[in-house]
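Below is a structure I'd like to ask you about.
The chains carry the letters A, B, C, D, E and F, assigned in the order they are written, with residues numbered from 1 in each.
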């Protein structure tokens, strides 16, 4: 269960209202790389990890909880950046000031002018408040969340998510010179780097973590790189050793010709027989191992999530 | 900031796996009336309430936090209902059992058979885990959340949300005879009723809470009810006193004729002059009052969200 | 079946084009709280009500029809606010004027300049016309519509919808000083208040309308309010009488401790036995009653929707 | 404004409940080619047509109104196909029968069994009622609606929409042998054909209706057809006369080579000079004409939508 | 399989950066009528056509491939219009220039100012790059694609799609005076016209292409046009000959009355018996023919997509 | 520009129709981790890379093109798995066989029965063809695509995408025993592994690739790991060395206390001054370097995408 403390994890402060920056910051509240996306991703991944990997469950739930706390920091900052909007809207019977805005006669400092320009929904729908939408009004959507029931996949997904979230904070920092907000963003950006390292360490701690999932690659199709965009540049990604594997990239200069000659890669030279058999054997071993981990961990009979044992720290 | 305790608020237990019910239960995890929708709605409403209505902020954050805890209960139950799916999927090299499923030869008790039938993504995408989608695979979407910066509106929104959530739990209870799950659902359903009463009490505690928002109704257009669906039945909703107002419904039997006679309701008999003036005056008063509440509550100068004062209880 | 009369229910007029306000007004055409959402909500609710509650069916269809007529008023206003855009776009071979816009040299009064700034789709996609999208271009989506087959739920949903719609009109009125549009918005805003009162009266006319749905609350879990957001403020929503129930709120100061002590609320003191039995009995009675209402009302044999009997008024 | 008559345009009847067919039929209620999509498309197109093309406005509004009436027929049929579901759900305290469903012991004729299998939301969310979603639960979305402010485009859009709607009814007819529903579907399918013919006649009545929009095609790029999918089959679509134009298709056998030789189609032989000049002249004429039609039709000064003149027939 | 050549089909050039036009142009990259929508529509239609209509399959795949190439042209143009944005963003440690933008002190020529104003995601999310979203940030969505497994329907769908795409290019041309971009847009716009003519020719080459699909219209319901929007204007779309059919429109002046008199069109005068029988016979013939075409074309036994026969041209 | 060859890259074959597996396979056609998502992701990333990183541009375009070719393989397989559906649907006048399906009397081998059960849209909407939707009918959506204008971010995004795509193919392989399809899936699964290795090698070839983006982490906030989910398990992810950094994780056992003591992490011990200055200096250097790479690579004056120089290989 969750518990809430009114103090923020980071002491978010704002020097002055700025609806335009509030709108940009929505990307990290309700955007595709934002805190809600991160929180919900780790939270949903945690459920699947609990039985067989209680240590990773704990890590995922820790970070999910931190991301919910970051969501709160971002929301608080947005709300403070919109200071004055709600009060002005509630002055419903007197629109003289706003009409100056609509007529272009208002000072640019007018908060309603700024809010309206930044995001029409700030003044029509949200009443000057935060909303789980991005900087262009797209409602947050669970398509942003990936949770696939396999730690070697989920943790790699998380490395990518943290990378994007870090970049977005980096971009956001360019668009404000409020030193308080700079501090907040620096905190939030850095925490994404820390999480990256935590997920990396967790992935490293899993033996047999490549390829992601259970099955090995089919040796017949693994080494080819195809020249499909005429005029291919050669580099470490299509020649030399495949990183971490004991194999070399094989460059196919004429992929259309190769497809025809091999009847669509079904009539390949027969060199791989032994390797195929090894792969099959490996697949069975890995299936047994990974499947066993899950099955062994699951309780028999009635399932119960919590123990209500000794108080936890 | 949030803190997480591994024990659930309610001791969720499951007698036996049941992917079909797991799929139904997704409605309350990632569906339009589910716990994530409730949690995010009260959470976003809370930000706007904090300055001028710190007591309602606290109530909204309390209930939001409880809904996040309920989200966890629902997720845990779904995960337990899918016990066995992930282990079976990880047995990637041996599909003999699954193929019996696909060929219709498997026992109906086969867990993969049940999962595949209930929701194809359980076996292809989520790896037998929970996902913030509804029972038909629609990703959760922030369009389910309403937060409008006005407590008289937000609280009414919440009364409706709790009503729908309660009904969904009521429906769900019919589709399982697992006594443990029954208990869990009874707890969750009842909490929606409690929240309903809490929101009702909070709304009652706000003076001038009707009409929602600030402006009064325009007396010229308030009392009419139109017979627009030929053959209107008369009832308390179109005759007699308007509840809580000192006015009567006025029944317009021929709305097309009425529109023509009044030039589209712009040429009405002049009886309302005095009432219009009263309304205007009331609007100004209410604007001053409600706007003042907000403006007065907002800090001047640098805004800071938290105080880090005495530890809270 | 529907019939259409070219005269609007309200005589919508517009003093001068104003694409920016046209864009704001899209919220009430294709937005989440707009007229299409209202019309479709009451329209879909009406189908389910027809057999057992023909009087409420009539009311819902009446108001749905009025909302479709309001949708038309809003659309007509938007179209008039965009006067000139389509004509300018059709002058396809001469972009000299528009290029002054793009170069920032055009007068701010230029209609294309205004339209482009307000909403790029006005000039690229809709040809200066109305579109069922909101002020940020999000296409209208049926997720905005709630229809749950239970009048005590549906009517509460509608009270919330009308509250939000009323507030949006209130906000919109601040952003125009066109007196004609003010009149139109005052009419539309007030009709939401009237509908609110109609739905309220209809809900009041249903006996046994709380809790929404059929089942009573579980007495074991009903009265608790949890201090989940450290530092809870006490108020009528967590102390004293629960409104309309003959019970008091029970305040749980340490919810984590309480969960542990009660094994997640499953080991509660045994005081409620009698009340639980009463609840069960009540549930059976209510099930019989509400279920009976529906079943009795449904025709046996071939179902036919209309009677084509006496002409209706 | 709209008016509603309780009798349906077609006498929808249903022999017996059939939730599975109800689910299929949702495609025509809340699906991409359904009645709501059609109604909203013609309705939004009508606004833009009103000033300059009041006759087409009337036609669009006529057909929109008919589509709303068809939406009602489809909804009524779905509701009748779900007869019994709501009553069963309201029997909330007794789930004995449903549990037989969940355990696979229920008769296949059990209505809840059928509803749950057809669409889980029928029993959890909609209470056995209609919903503006498609057969897979996707909420209706305004992306289905195209309205572009140009009749030569809009009418062609409508020919396509009617074609798809007709096909969907044709498919649906295969999935029921209820003779009453067959009659209803035959009526609805045929009306799509009639509308197709009405839109075709309206398009034919517009002079200069090709190409759609205002500008003529650029003669330099008009005639080429490219062999981009190696091994092109020749047919009337890439050889011989271009239908209705006084030109021939020109077949480019080696498009990659052609792009290189012509520097990406920018260095073409200079044969088209005269034709280019003619095109430019034509563009100016057409711009003047089409733009003039719009501009001339728009009222000066205050805009008013309706006249409230003589009662219309 | 696809092959890519780095040269564009048209030599896209850009005189100077212009983020605002880049944003408008997104409509044709990730918008509802854009190149991705066209490419994916013809691509998915092609699969279904391949067995029975290999010539149309080839045409659809040809045009799909051209649309992918156009997508590349549009993307390249957007990228060039955003020149400078990414470099400026990567200058992450120095926001002095950007802050002048945020403070309104920057020159309007500043590229970040322009990008931020045009589309906040250009500077926060896409790093100054192209994105499959429209001019208002809506992610491209497969609801834009219609593919229905019937060529007489699909080709009509395509005529409409090409009409809309042509109009959008026409509109876009008004918003830039860069002569290079004008050339590019003129090429792209014209290709839509060519495709229109190709689809038209293909449709004409199919015998029995009306009505779309297989079944004939029901003669009892085909000829009526209803006066549903009071005050109907008469024109070729509701009087005289139905284009291409040997029938006349029949005008129903009072549709409500007609519905009542005919019991919802179920009690019609018996004149059509013979025609109904003819229709039924025709339906059987057409079913046999169209169904046969498909069935005959499908291979028996193992299905194989490609032949890897002689190299294709 | 793209070119298409009718032979598939892999010789996709299908032993017998299987609509259920066709539906599962839709995940890799129009699903979140499918081939369209991959193709569009690398394709959009490629545009941004072209100027400053032409070698990575080539790699991205190569792999994008291969993913489009895989999309075609998946689509072809789905189409072959649906063999017979379209022919049956076109037999529109005879529904005797289908009605046996609807009545539950049909053989389970009936293709329409299978298609209808697998996915109702196969028989109502797509005409037995492929569609860019996932296994639950959700239309493909560009939210699945991440492209952020920074190679160190984009390549990490791609590692995650390939991991997920690989896992989905692994899961799919369990649900068919058709040896031809097994071969196809083994090819497609393995290609994801190859792409993973290509992206990994490309990322390794970029110096200074951590942290992603430009700015270094803020040393004050980098090392902490918080015990936010009471009862944290210790492991390499929250103790010991941070992988690849010359720092250690610092474990915060009481994060709420820590936040209060440090006033929300703003009053930290002053040990980091020197490191902060170093970070700032590093940030400036990296900004200069990364920004310079982009700026230097962009052409001055008119931008042109292609050279049409020597034919490419």
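As a convention for this text, a residue touches a chain if its C-beta (ideal position, glycine included) is under 8 Å from a C-beta of that chain, and two chains touch if they have at least 3 such contacts.
All values reported here derive from a predicted model rather than from experimental measurement.
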item	value
Required minimum of steps from chain A to chain D, each step between chains that touch	2
Mutual neighbours - chains that touch chain A and chain B alike	C, F
Duplicate of the A-C contact set - from B-F, A-B or A-F, the pair where over half of the pairs recur	B-F
Whole-Å gap separating chain B and chain E, where each centre is the average of the chain's CA atoms	37
Separation of chain B from chain D, taking each centre as the mean of its C-alpha atoms, in whole Å	33
Whole-Å separation of chain centres (CA-atom averages), chain E against chain F	26
Chain F, residues touching no fewer than two other chains	1-9, 11-12, 32-33, 58, 61-62, 64-65, 69, 89, 92, 125, 127, 136-139, 141, 143, 148, 150, 167, 170, 173, 213-215, 228-231, 255-256, 259-260, 263-264, 306, 308, 312
Pairs of chains found to touch, sorted by chain label	A-B, A-C, A-E, A-F, B-C, B-D, B-F, C-D, C-E, D-E, D-F, E-F
List of chain F residues in touch with chain B within their complex	18, 20-21, 23-24, 27, 31-33, 108, 134-138, 167-168, 170-177, 228-231, 255-256, 259-260, 263-264
Partner chain D, residues of chain F touching it in the complex	1-6, 89, 92, 95, 98-99, 102, 104, 116, 119-121, 123-125, 127, 136-139, 306, 308, 311
Of chain B, residues touching chain C in the complex	5, 7-12, 32-33, 54-55, 58-59, 61-66, 69, 141, 143-144, 146, 148, 150, 152-153, 156-157, 159-161, 163-164, 166-167, 170, 173, 183, 186-187, 189-191, 193-194, 196-202, 204-205, 211-215, 217-218, 220-233, 235-238, 242-245, 249, 253, 255-256, 259-260, 263-266, 312-313
Residues of chain D defined as touching chain C within the complex	1-9, 11-15, 30, 36, 40, 43-45, 47-48, 50, 58, 61-62, 64-65, 68-69, 72, 75-80, 83-84, 86-94, 125-133, 139-143, 145, 147-150, 180, 213-215, 280, 283-284, 286-288, 290-295, 298, 302-308, 312
